[in-house]
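Can you keep this structure in mind? I'll have questions shortly.
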Amino acid sequence: MPLVQITMLTGRTADQKRKLATRITDAMVEEAGARREAVVITFLEVERESYASAGVLMADKGK
Amino acid sequence: MPLVQITMLTGRTADQKRKLATRITDAMVEEAGARREAVVITFLEVERESYASAGVLMADKGK
Amino acid sequence: MPLVQITMLTGRTADQKRKLATRITDAMVEEAGARREAVVITFLEVERESYASAGVLMADKGK
Amino acid sequence: MPLVQITMLTGRTADQKRKLATRITDAMVEEAGARREAVVITFLEVERESYASAGVLMADKGK
Amino acid sequence: MPLVQITMLTGRTADQKRKLATRITDAMVEEAGARREAVVITFLEVERESYASAGVLMADKGK
Amino acid sequence: MPLVQITMLTGRTADQKRKLATRITDAMVEEAGARREAVVITFLEVERESYASAGVLMADKGK
């Protein structure tokens, strides 16, 4: 029954999410004994001005 | 003081959220002894390509 | 497919959680058109020193 | 290594988020002994119809 | 910079979490172009009375 | 109305959380125009075997 919530920057394609969903679900089933039907994955996507590391917004990095 | 975070697919109307907010808050007050003023509910809505179950994106189901 | 994450103080009984799970799931099905089997509810319980409102820990209130 | 997830109404500017990121990261480093590089902050912004307190949507308050 | 929060029932061993961390991080790097150092995974583990699906606590299933 | 959820390793004292709650609430009020009474902060604390970065559990680092 694992719930997997992934927070990341916007910009990934549906195909990237599709592959992530497959691989992460496989891992939950094979390593944690989860039932495949019970694995739920959600992607929360945020803009570069809504994500900071080390106190700096991603929107301000690389400037 | 309960915080209730609901992750669901986009597409619900404001009226649906209004009714959910009422009923869930009532439940928290009546069953868990929460103060009404302290119950906070948030809805995080994601697209069908950002929600997977059993390893398959919702966007790919029913195809 | 709604996922409902409830963060609250420790101390509720299993029976209180049982009733919350029933009522919240009913609300999701009846008001939001969710499939009953797809509604998942999790309770994250925290101690009074791990919950603050208005800048004050619950552990410090009522002193 | 703290992860800080902030859920709030839409409408804050990038500059407000920038200042929040700075001050919250400083607090985590100075008060909790976190390494600055390991502090991650995300902002999840929701509309007024997706946030309720005391059972009432923000969109319905002040009417 | 993905953050991966996994909510699951208690009972998995450190070795199971180790393998999940490796495989999920690999997936984020290989499929989503994430920097390995920026992938953070957290496991939130809840008891069977704190997890419900279809309106029924896990603690009540299989009885 | 901001909700601030902080996920970090166990081991911080109540006094550290108290100071974090004060400073983060002050920042939300002063920088984001939040009402003080509406700021809620929760701390989710996880063990070193439940937190990984760069694919490695904290429990395995520094060995």
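Letters A, B, C, D, E and F mark the chains in the order given here, with residues in each chain numbered from 1 onward.
Just so it is clear, contacts are C-beta pairs under 8 Å (C-beta built on N, C-alpha and C of every residue); 3 or more make two chains touch, one makes a residue touch a chain.
Here the structure is a predicted model, which is why all the values come from computation and not from measurement.
Chains that count as touching both chain D and chain E, per the definition above, are A, F. Here chain A and chain D face each other with different sets of residues for the most part; under half of the interface numbers are shared between them. Counted by residue number, the contact pairs of A-B are over half the same as those of C-E, the matching pair from D-F, C-E or D-E. In this assembly, the C-alpha centroid of chain A lies 12 Å from the C-alpha centroid of chain E. As a whole-number value, the distance joining the C-alpha centres of chain C and chain F reads 19 Å.
Within chain F, residues 1, 3, 5, 7, 40, 42, 44, 51, 53 each touch two or more of the remaining chains.
Viewed as a contact network, the protein chains fit none of the simple shapes, being neither a path, a ring, a star nor fully connected.
In this structure, the chains touch in the following pairs: A-B, A-C, A-D, A-E, B-C, B-D, B-F, C-E, C-F, D-E, D-F, E-F. Residues 1-9, 12, 16, 19-20, 23-24, 27-28, 31-34, 38, 51, 53, 58 of chain E are the ones touching chain A in the complex. Those residues of chain B that touch chain D in the shared complex are 5, 14, 17-18, 21-22, 25-26, 36-37, 39-45. Listing the residues of chain A that touch chain C in their complex gives 1, 3, 40, 42.
Chain D makes touch with chain B in their complex at residues 7, 44, 46, 49-57, 59-60.
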